[in-house]
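Every chain is named by a letter (A, B, C and D) in the order it is written, and numbering of its residues begins at 1.
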Amino acid sequence: MKQVNMLAMILAGGRGSRLHELTDKVAKPAVSYGGKYRIIDFPLSNCANSGIDIVGVLTQYESVLLNSYVAAGGRWGLDTKDSGVFVLTPREKADTGLDVYRGTADAISQNIDFIDQYDPEYLLILSGDHIYKMNYAKMLAFHREHNADATIAVIGVPMREASRFGIMNTGEDGKIVEFQEKPAHPVSNLASMGIYIFNWKMLRRMLVADMKDPASDHDFGKNIIPQMLADGRSLYAWQFKGYWKDVGTIDSLWEANMDLLDKKNKLDLDDPTWKIYTEDASALPAYIGPDAEMERVYITQGCHAEGKVKNSVLFTDSEVRAGAQVTDTVLMPGACVEEGAVVTRALVAEGVRIGRGAVVGSADSESILLVAKNVKGVD
Amino acid sequence: MKQVNMLAMILAGGRGSRLHELTDKVAKPAVSYGGKYRIIDFPLSNCANSGIDIVGVLTQYESVLLNSYVAAGGRWGLDTKDSGVFVLTPREKADTGLDVYRGTADAISQNIDFIDQYDPEYLLILSGDHIYKMNYAKMLAFHREHNADATIAVIGVPMREASRFGIMNTGEDGKIVEFQEKPAHPVSNLASMGIYIFNWKMLRRMLVADMKDPASDHDFGKNIIPQMLADGRSLYAWQFKGYWKDVGTIDSLWEANMDLLDKKNKLDLDDPTWKIYTEDASALPAYIGPDAEMERVYITQGCHAEGKVKNSVLFTDSEVRAGAQVTDTVLMPGACVEEGAVVTRALVAEGVRIGRGAVVGSADSESILLVAKNVKGVD
Amino acid sequence: MAKAFGIVTSTPRRIHVAGLQDYRSAAAFSFLGRYRVIDFPISNLSNSGIDNIQVYLNKQPRSLTEHLGTGRNYNINSKRGRLQLLYHSQTGTNELYNTDVSGFLDNMDYIQRMSPDYVVIEPCYMIYAQDYDELLERHIESGADITMLYHKVDNAKDHFLSCRVVSLDKDKHITSLTENRCNAKENNIFMDSYVMKKDLFIDLVRKTYDFSSTYSIAQMISVLCTEGKLDIRGIAHHGFFAAINDLNAYYEANMDLLDISMAEELFSPDWPIYTRTSDSCPTQIFEGAEVKRSMISNGCLIEGTVENSVIGRGVVIRRGAVVRNSVLLAYCTIGEGVNLNNEIVDKWASITHTMKLEGEPGKPGYVKRSDVL
Amino acid sequence: MAKAFGIVTSTPRRIHVAGLQDYRSAAAFSFLGRYRVIDFPISNLSNSGIDNIQVYLNKQPRSLTEHLGTGRNYNINSKRGRLQLLYHSQTGTNELYNTDVSGFLDNMDYIQRMSPDYVVIEPCYMIYAQDYDELLERHIESGADITMLYHKVDNAKDHFLSCRVVSLDKDKHITSLTENRCNAKENNIFMDSYVMKKDLFIDLVRKTYDFSSTYSIAQMISVLCTEGKLDIRGIAHHGFFAAINDLNAYYEANMDLLDISMAEELFSPDWPIYTRTSDSCPTQIFEGAEVKRSMISNGCLIEGTVENSVIGRGVVIRRGAVVRNSVLLAYCTIGEGVNLNNEIVDKWASITHTMKLEGEPGKPGYVKRSDVL
C-alpha cells in the first residue's frame, strides 16, 4: 500500500475576526493570498506533496465557500480512488444532538469515527491559517526515529518576541521537557507552530477521556499536550527552518504578500519540486497596457494593468486603469482601481472598486488600510 | 455555456428510523441497494445523466459516511472544472448561531448563499431516498413549455392507496388546481414524488419571507406549495411513468431488491444510455464455487458463493459458504453466511455473519427479518 | 442528451508551420501564452453542450494526450460524456494516402457506436469561438444536408494560403469549394467546420474513399456541390478568426490579440476557453523592468524590457534584455542584454550568447526548442 | 519523495499472442474478466509508492490511453505524480530496429527530466505482484549496479518460450542471461524487471544502441554479465507469476486463477490491483442457469450453463448454452443451445449459429473480435 500511513486533519474553524470584513463571508482559511492562492492551499498542497492522501478539514463557521473550495480535491491531486479532502462539520448522531466544536481537541474527538474509517497509524494536526511549505513526511520520519508519542513542529522566533508564543523547552535531542504558553520569562525561543503528529491509538484513548472531563477546555495546547507531559510521555520538538507566517491580522497578511516581491524570497513559490496548487481561473494571461509602468509587481492571470503599479501584489482579475497609481498595495481578486485613482499602503478587498480620481491610503500611515467597500470617485 | 442552467439540491437529511439499525451509523441515503449501489447513487446519477453539473446534498444526521461518499464527485463524473457535489450541513454565520435545519424549505433557505454563487435560473429539489431513473432535463423542458412557476413530478398510484400520499388534483393540461396531503377521499391518483422544479428568483423571495414567519413549518409540502397555490401561481404536474420506489422500510427495501431478479425488470440497471454510477470496489469478479447452486440471483463483484442461493441479491464482498442455503434474501456488503447455515426471507446487514449451521428467518414470515447483528453458529 | 457528437480532425497534410510543427501537431501549439490551439475547438464543443468528442491524432500524440487528459479541464463529464483520442496510423509509403478519410475509416467502429444523430466537425488548427448548438438548430431548421461555416476576410490575397474558399448563391447554397489561389482580397474562407447527420457523414466517408483514396472530405464536398444532389449551405461566422496555416499566421494571430478589445471579444466570460493549468505561481516583475502592451503568463521572472509581446509560462527575461514584437514559448530564457525583435522562441530555448536576433516583419525569426544560442 | 520512477515497457517484438494481439497490445489484453494485463505493473508501482510512471506504447495506443487515463484509478496523485504515455514510432522498414532501446532514445528528454535517482523497469505482459519499494531497499543495501527479478519455474520445457532465463552463482550474481531453449524443466525465468540508478540506465541505453542498433537492454545485459564489469544480481520472486507470451499462456493464466486460493493470494487486500470501472450493473443469473467454478464479471445475463470459465463484463449466455473451460471477453453473446469448450472468445463476438466450438486442451480455440459465428 501507500508509504505514508498518516491522515491529516486541518483545523479550519476560525472566523479570524482580526481580519475584519475579509472574513464576513468566508472563513479565514479561504482568504486570498499571494495573487492566486487561498491560505488553505498551503496546508493542502503540503499534504499532497508529502504523500498524504486523506485530509479532513474541520470547519463550522461560514463554510459554504471553504466547503465548495476544498471539496474539489482534484486541485491538489487528492481525488484518486483512495484519496480525498473531506469537509467535517458538527453533526447530529444517533446518541447526541447537533453541537459546535468546543475546542481544537473536541473537533477531533467528534470525528473519531471518520478517522477510524481509515485506521491510520499516525494523525497529523494542522491549522488552516499559516503560510509555509513543509514536508510532513520529514517530520514523520523524525517522529518515528525518536519513537515519540507526539512530535510538535517548532520554529525559532526572536527571543524578545518569545513571550507571545507557546514555547517548548527541550533537551539536546529535541525531547520536550516543558511547555509554556506565552511565558513572561521565556527560556527558549522555540515556538509551537500548532502542527502535531500523534500516534493515533494513544491520542484516541486520550480524546475519549478528555471528552468526558467537564473541567477540560478540550484544547490541544491547554489540555492534551500538558496532560501528555504530566503522564511522562515522550514528546519531541521538530525544528522547522523555512518561511512561516501567521496571517491573522490585516498588517501581517499585507506583509506576507509584500514578502513575495523580494528576489529569491524565502517562500519561493516558483520551486517546481514543491508547487502550491490552487483553483485555476479561466482567465487570459496578465495584460499590461501600452502606457503602464510596472516595478516590483507580483501579478497573475486575469490582471489588467494600464496605470502605474509599484511595490504591489495584483490578484486574479484585478484591474488598474489608465492614469491610476497603486503603490505598496495588495489588490485582492477582482479589485479595480479606476482611472486616475491613487491607492497607497492599502489592502483592497475582493471585488472592491476605487472610483475615478479617489485617493485612498497614505505612504506614512502606521498600519495598512483595509478597503472593504467601494470608494466613490471624485469626478 | 452549458445547456442546463439548473442546480439540484438533494434533501438527504433523514435518519430514516423505520430502517432501524441500518441507519445507526449511516444516513438513509447512504444505505446500500441493488448489489453495488447506495440509494443516493440514483438521484446523483440522474443529475449527471440529465446534464446537471452542480448538486448540493443537504444533510445533518451522521453525515461522515455520506459526506465522504458523495464528496468524491468523480464517481458521477461531477468533478470537472465547473461541476461538483457539495455537502451542505448547518453552519454558524456572522449573524446567526449553529442551528439544525427546521424543515425541507428551511434547509434550502439556510443555503441561499450557496445557490447564489451559481446564479441558476431553475432549482431542482430532490429527495435522497427513492429508487428511480428520471431525466430531469425532460421535466425542465415541460416546465419551460408551460411557463410554470413550479413543476412537481407526480406518479400514478393505485386509487385505493392514494390516501397515503400527497395528491395533486390537476386540470387537463397538467395545471395543478389543488394539493391534498393524504386525503381521506382522493379525487386523483397522482401522488407527489417530492421532486420540484422552481424558478429560483421567485422561490428565493418566498423562502426569505417564509424564514421570518414564526407560524411556518418551513416545509415545501406544508407551506411553500400551498402558499403558491393560494397566490394563484401556475404550478404544473409532470407525470412520470417509470419504476419508482420509496425504500423507507425494511420490507420495501427488500422488495425493491427482489424486483431486480425479474427478467427485463422495469428499473433496467443494464441500460447503457442511463447508467447508475457508484463507488468502484477493488474486488475480484464474483466467484462461484464448484458445488454452488445458483438460481435467480443478482450478484456482483467480490461475492464468493459456494453454497445454494436462490431468489436472492448478493452485495459486494458477501459470502455464502459451502453447504449454506440462502433463499429470498438480501445479503448486504460483506455479509457472510457460514457453512451449513440456512437464511430465508431476511435482509442481512453490512458485515454481519450468520454462524455455521444457524437457521435464520422463515419462508412464511409475514415481514422480512432484519439481521443486524452476528448470529452465533450452532456447532 | 446532446443532439450531436463532435469530431476534431487532425492537422491536414496541406498545413505546414515551419519549426513549431517539427515538435508537435498544430493542435498542440502553445497559443497566447497559456493556451494550446486545440483548447478552442474543444471549448467550443463543451460550451455547446456536446460532451462526446473524438479527437483524431496522427503524429506526435504525447503532448496532446497529456494536455487533454480525460476532459475534466474542459468541463466534460467523464461519465455522461467521453473525450476519445483516436489515432490513425500514417502510411510512410505515400503521404497522399494520409487523409482525414483514412483516419475516419480506421476508426469507423467508434463513429458507428456514437448515439447522437448529428455530427459537428471542427479543425484543430483554427482559432475562433462558435456556438455549435445554435449552428445545429439553424442547420436543422434550414433542412440542409450539410451546413458549412465560413468567414469573410479581406486579406485573402496574402493570407490563408492552403485554405479553401467557398462561393455561395443568394440562398446561401455553396456553389463551389476551391483552393484559395490568393487572387482576390475579399474571400469567404472555409473554416473546415461542418454539421450533418451522422448517417450522411458515414456515407460520405465511404463514398469519398471509393471516389479516390487520396481525397479528403472537403475535396469530395467540392465535387458534390457542383453535382447539386445534396443541399449544402454556408453560414457566416463573425468575430475573431485565425487559421494557423503557416509560421507567419501563427505569429500574427498571437500579435492580433495584443489588441485587448479583440482579445476580450474572443475570450468572453460567456464562452470560456478552457485549458490545463500548469500550477505556475504568479509572475514577478522586478525593479528596473519595463513592460508594455504585452500578455504575460504566470511563473515569469522579468527584469528587462518587454514590449508588444506574448510571453509564455515560466519565461525568464534578465536585466537589460529587450524583447519586442515577439512570441516567447514556455520556459525560455532571454539572457542579460540580449535584444530580440520579431522572433518566435520555442519552449526551453535559452538565448544568452547571441546578443541580437531580429526577424523581418511578415517573416518572423524562429528559435528551435531547447536550443541554446 | 519516492526514490525511483517507474517504466513499463511496450510489448517486446518476440512476444506474439495469436488473435488477441491483432486488436491491441499485450498490455491492453482483458484479464480475468475485469482487469487488463497492464493493471498489474501499474498497481505494483503505485502500491510501492512510485507515482512517476512512464508507459511506453508502440502500436494501437487507443485502448490503453483510455484505460489508464490520468492514473486516478490507480491512486496516482496527478499533481505530485504523473502517468506519462510515451509513444515510440515503429519503423516499417525492418522490425529488427523496433527495440525497447529505440523507444527510450525517442523519449530520452523525458527520462532525463525525471528527478528520482533510481528507475524500476517492468514488462507489460507479465502478471505478478511485487513490492518494488522493498526490492529497491534490497538493491541499495546490496551495493549491486543492477538487480533483476526472476521466478523459478518447473515447467520451462513446454512454457515460457521466447522468455529469457538467468543463471546465478552462490552470491546471486547473474552469470548468464539467455533465451529459454526449453531444454530443462526447472529454470529461472527472467521477469523482464530490473532496478538500477537512473544514470546507469541512461548510460546503458546509449551503450546498447552503440553496440548494436537492434539490441534490447536485456540483450546488452546478457553481454555485460559475462564481461563482469558490472555487479548484476538476481532476486527471486515468490507467489503467482504468469507471462502472457502466447495464446495458450494467456488461457492458462486465466484458468489457473479459477483456483480461488491462488487468486486470493495474487489479489491480496494489502496489495490492491486497480483497474478502471465500466459502471456495469451486477450480473443476473436466471432460473434454470447452472454456474460452477467460474469468475463472473458484472453486467452479465446468464440463463445457460457455465463451468470452469472466466466470463467478462456484459456477456450474455442464453438458455441451453453450455460454456466450459473457456475465457469469454466482454460483451460477447453465446446463443441458445450453443456448446463451447476450451475456447477464447474475443470482445463483442456473437456465437449464435455455430452450435459447437471446441478447442483442444493445450491449444484453445479463438473467436475473433466482433465476429458473428
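Just so it is clear, a contact is a pair of C-beta atoms (placed from the backbone, for glycine too) under 8 Å apart; a residue touches a chain by one contact, two chains touch by 3 or more.
Values in this document were obtained by computation on a predicted structure and should not be read as measured data.
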item	value
Comparison of A-D and A-C by number of C-beta pairs in contact, larger one	A-C
Distance-maximising chain from chain C - centres being C-alpha averages	B
Mean-CA-position distance for chain C and chain A (Å)	41
Whole-Å gap between the CA centroids of chain A and chain D	45
Residue numbers of chain C (touch at least two other chains)	72-73, 79, 272, 274, 279
Chain A residues counted as touching two or more neighbouring chains	74, 79, 81, 275, 277, 280, 282
Residues on chain B engaged by chain D in the complex (per definition of touch)	34-36, 74, 260-261, 263, 269-270, 275-278, 280, 282, 284-301, 304
Chain D partner contacts - residues on chain C that touch it in the complex	60-62, 65-66, 69-70, 79, 84-87, 92, 109, 279, 370
For the chain D and chain A complex, residues of the former touching the latter	1-2, 47, 49, 71-81, 115, 133, 270-272, 274
Residue ranges of chain D touching chain B (in the complex, touch as defined)	32-34, 72-73, 260, 263, 267, 272-274, 277, 279-299, 301, 310-311
Complex contacts: residues of chain B adjacent to chain A	15, 24-25, 59-65, 67-68, 71-74, 79, 81, 84-94, 98-100, 111, 113-114, 117, 280, 282
